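Here come two complexes built around subunit A, the first alongside subunit B, the second alongside subunit C.
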Partner chain A sequence: MAKIPELKSHHIWAFCLILYLIPVVVPVGSPFQISEITLKIYNIIENLPEGSIIVMGGSGVFAFDYEPGAAMIASIKQMAKNKLRLVGIPLGMESLQLHKYVVDTAKVMQADGGPWKYGVDYVQLPFIPGGDAALVRLLTSVQSVVTVDANGTPLENLPLMKDFRSYKDITLWICPHWGYPSIVRYVTGERGVPSVMFAHAYSYTVYAPYMMIYPDKVWMTNGFLGGAQYEKLVGFKGLGHAAVDSYTLISVAYVFFVVLGNITLLTRVKKEEEEAEAKK
Partner chain B sequence: MISTDPWVWLSALLTICSYTLLYGDNPLFRIAEQVFVSVAVAHSVVMGITTVNTRFGPLLTPAATPQLFITLILGLMSLFVVWRKYAWIASIPISIMIGVGTGLSMRAMMRTDLVGNLSTVIMETSRIFVGSPTDQLGYFIRVTFTLAGLVYLLFTVFIRGPVSKPVGYIRTFGKYVFLTYLGLQVGNDIIMFQGLVTSAVVRLFTTWLGI
Partner chain C sequence: MSSSIIYVRTYLTRILLIIGCIATLTSWYFVSPHADIVANELYNWNVNIGTFSLFVGVVTLFSRYLKDISSRKEQWEYKFLGVVLIPIWVIMGQTAGVFSDLYQKAYFNTKITLHVAILGQLMFFMISGAYRTYRIRNFRTLLFASCTLIIVVCNASWLMTPFPIADKISYWLLNNPSMAGYRAMMITGAIGAVVMGIRILLGLERGALRATEAR
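Let's look at the complex of A and B:
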């Protein structure tokens, strides 16, 4: 029987790296379906009246929040197209970085050739420390918690902030961060403001029960796949599409290596058994 | 076109250095690791100073409110934590923080995570017998898995008598429910990290190399 060669971990990693690089250079165009919930979120934002205020907020780590960023970028493009307004509320120290990243990447500001004017259509608040206590106070009165935006401009000089005083002015809260439970508890549960989480693949399974607790007020997309679905609905190919392509290729590789590993193991066990029998 | 921004180059090189760990521990990885830790600490310091400036700046204006002075005093008191002799002073703001945090979260958690979950299970139990067969099966799995998982967690209650055996079976089933859940979580975790690798590679190719 032919012997299966021993694979070094370095070779496996190099092979996987090549598989990661392929979809970036040559998009594979893996097929995927748009889930009912992603479509629902898209339709909710699509049907909001012009000028509605949407909040992008929560707390999380930038490196991990990159994943929900795919859907967030797509939804910001949709908001700008539909003349909606956005306020970024970072409740975590690194959330501000993600907010800047997604707005810059969506290229919706006038400086990037988009329709949004800073202060009128979009305002970025600074990091708000204090956790849940600060969030609860902010929902009651925004200006009592924060007086300037992330650039240090007083809020009274920003037209959008004249219309955004408390939770009553929020039409929808979008959380592209890990810290979604606080949003569900205080924003949706206690104050009835609908919320969306662009979830990570991992956090989706942890927080999915919230969709069952508040079936008409809480919706979640699932990781980069959810991002790809949202990108498809908005009509562009971004990070979500690239990730889904690499999922497809790498998943095939994983299955291949798992099967190969098991065959190797079974062959060795059989050989060892034969040797043990021979010794007897 | 390849980027001419030195920050993009620095980011790209540090990303590559980080991924060299896949080949084995090496000086390049250690440089990237230490740069990351220092940048994270520096970022926290800068954010802290900026936050203090923006929050307490209004104290110097006529719009200053008494609440801000209280917060400032409590904040200054918490700094005593680094001075062993007077560290007890810091315990006052810390206990206020814990008290407020616990009070707030207990109320909201009871409403959403406890009562909300309970009412959802009851509501979904009633839906097992209505709707399409697929929905019925979905609700049945969700309710039975939840109940079996809860029974498995009753470690401290030892049920004796005729029901001990059936409860034991439910506990065993509950154990498998947890294993299924853990398997799902590990799978999702792998997917998440896989996506993050892709995002790093995309960033390298699009932002740095302009492909």
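Let's look at the complex of A and C:
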């Protein structure tokens, strides 16, 4: 049996680049099903009473959190449609920028032709340093930790913040960030507020057991795929749909290269055995 | 700094850490308004120290970069870029505001776009690494490769669509074998951290709380 040559890194690199480019040029439109958990999250938000306060908060790095952003954008559209209210609580340095990005992209503010009015339906708090300590204080008393919003407006001038004083006013906490363990620990575990994580594909594999630890209190979507599922439920094609084609192709490539690596190994072993036989 | 000042600083810090530990642990396990007051006060300190450390971080980074640039140390060019960019971002944040459209546009079109591009490349490294390392030579590599492949395949939409059970298989794997191992690591790590904490407090480890290093 002939030996299969070892592939060099730049061959694999070129192959991956082509795979990334294919959906840009020709959208494949990969089919996907909506998972039970994504559907459950959608239904929970759908059935919240009008005016409920949802918090979007946590800490993480924007570029990582771009992936959960897909589902977050879709859920913000759903919240606006159902007249729910949203407060952004950035506990990480870049979280504020992600919050602005997802709200701007969802186009739900009145300036973008949407139904939300700033201060009434949506408030964005500034970055709150201090990690878990800040989170615990904030849950006890929001106004004891922050007194102004991200624009510098005093919180007492914002109607929404008059109804949001502590964790008791939160109906649901949504975390589109990496730092979910703090949210599960202090928001859900200690105070019983249900939480949703729009997870990255990787963080889903790490944090998925939280759903088993807190059944009917914690739910998670799975990466860009979860984002695409949520977009499908809300009824539009956004970041998730754009990414899911590359996601599908690359996951096929992953399996292909592992199989190819093993075939290469097999042919080498066979060849060495044949050479050893010939020497005898 | 004289060694007596270092001793005073070290023991004061130790006492503060012990008060913090006891207050936090007491407020966690018992209902005690007094412990809650101490814990809350310490939480507030923590928030303020967190804010202050950001400021100190920027100043320290800036002064260190300036020193390295003046002595033309390795990679001084990048540090020069940092020294130019840090004030620009600080001034922009202070004048336009970090929540403004201008700041957002600048941030998204520079840092975020580049960072997302770098993360996109991770897939190439993972595929290239998988191609070379997941070669089944013995039972252990078989186990290693098959576990990874099962998770990849069960999370892939091309398999989940015709076989919805794949989602449940992946969920079961994550909730059982994966969680067992992960928890074992977390628990041992936590025990290690407690032991390390006690050793640091007792001055048995090298570091800021080992007063004998002043000698």
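FYI, the second predicted complex is superposed on the first by the 271 of 280 C-alpha atoms of A that agree within 3 Å, B and C clash if a C-alpha of one lies under 4 Å from a C-alpha of the other, contacts with A are read in each partner's own complex, and residues count from 1 in each chain.
One rule holds in what follows: a contact is a pair of C-beta atoms (placed from the backbone, for glycine too) under 8 Å apart; a residue touches a chain by one contact, two chains touch by 3 or more.
Worth saying up front: this structure is predicted, and the values here are computed from it rather than measured.
Peer 1: So, A:239: does it touch subunit B (first), subunit C (second), both, or neither?
Peer 2: first
Peer 1: Contact-wise, after the overlay, does A:64 reach subunit B, subunit C, both or neither (first, second, both, neither)?
Peer 2: both
Peer 1: So, does A:171 touch the first partner subunit B, the second partner subunit C, both, or neither?
Peer 2: neither
Peer 1: Quick one: classify A:185 as touching subunit B (first), subunit C (second), both or neither.
Peer 2: It touches subunit B, and subunit C stays clear.
Peer 1: Contacts for A:20 in the overlay, against subunit B (first) and subunit C (second): which applies, first, second, both or neither?
Peer 2: A:20 sits against subunit B and subunit C alike.
Peer 1: Quick check for you: in the superposed arrangement, does A:147 touch first (subunit B), second (subunit C), both or neither?
Peer 2: A:147: touches subunit B, not subunit C.
Peer 1: One more residue to check, A:248. First (subunit B), second (subunit C), both or neither?
Peer 2: The second partner, subunit C, only.
Peer 1: Looking at A:261, would you say it contacts subunit B, subunit C, both, or neither? Reply first, second, both or neither.
Peer 2: After superposing on A, A:261 lies in contact with subunit C but is clear of subunit B.
Peer 1: Thinking of the overlay built on chain A, is A:134 touched by subunit B (first), by subunit C (second), by both, or by neither?
Peer 2: Second partner only.
Peer 1: What's your read, subunit B or subunit C touching more residues of subunit A?
Peer 2: Of subunit B and subunit C, C contacts more residues of subunit A.
Peer 1: Identify the residues of subunit A that lie in both the subunit B contact region and the subunit C contact region.
Peer 2: On subunit A, the residues that contact subunit B in one structure and subunit C in the other are 13, 20, 63-64, 66, 96, 126-127, 129, 131, 133, 136, 152, 201, 204-206, 209, 212, 223, 247, 250.
Peer 1: Touching subunit B in the complex: which residues of subunit A?
Peer 2: Against subunit B, subunit A makes touches at 10, 13, 17, 20-21, 23-25, 63-64, 66-67, 93-94, 96, 126-127, 129, 131-133, 136, 144, 146-148, 152, 181, 184-186, 189-190, 200-202, 204-206, 209-210, 212-214, 223-224, 239, 242-243, 246-247, 250.
Peer 1: Using the touch definition from the top, list the residues of subunit B that touch subunit A in their complex.
Peer 2: 22-24, 43-44, 47, 50-51, 54, 57-58, 63, 65, 67, 97, 100-101, 104-105, 108-109, 111-113, 116-117, 119-120, 124, 142, 181, 184-185, 188-189, 191-192, 194-199, 201-202, 205-206, 211
Peer 1: If we count contacts the way the header does, which residues on subunit A are in touch with subunit C in the complex?
Peer 2: The contact residues of subunit A facing subunit C are 7, 9, 12-13, 16, 20, 30-33, 35-36, 61-64, 66, 96-97, 100-101, 104, 124, 126-131, 133-134, 136-137, 140, 145, 150-152, 201, 204-206, 208-209, 211-212, 222-223, 225, 244, 247-248, 250-255, 257-258, 260-262, 264-265.
Peer 1: Which subunit C residues qualify as touching subunit A in the complex?
Peer 2: 40, 42-44, 46-51, 54, 97-99, 104, 107-108, 111-112, 115-116, 118-120, 123-124, 126-128, 130-132, 134-137, 145, 148-149, 151-153, 155-158, 160-161, 164, 167, 171, 174-175, 178-179, 182
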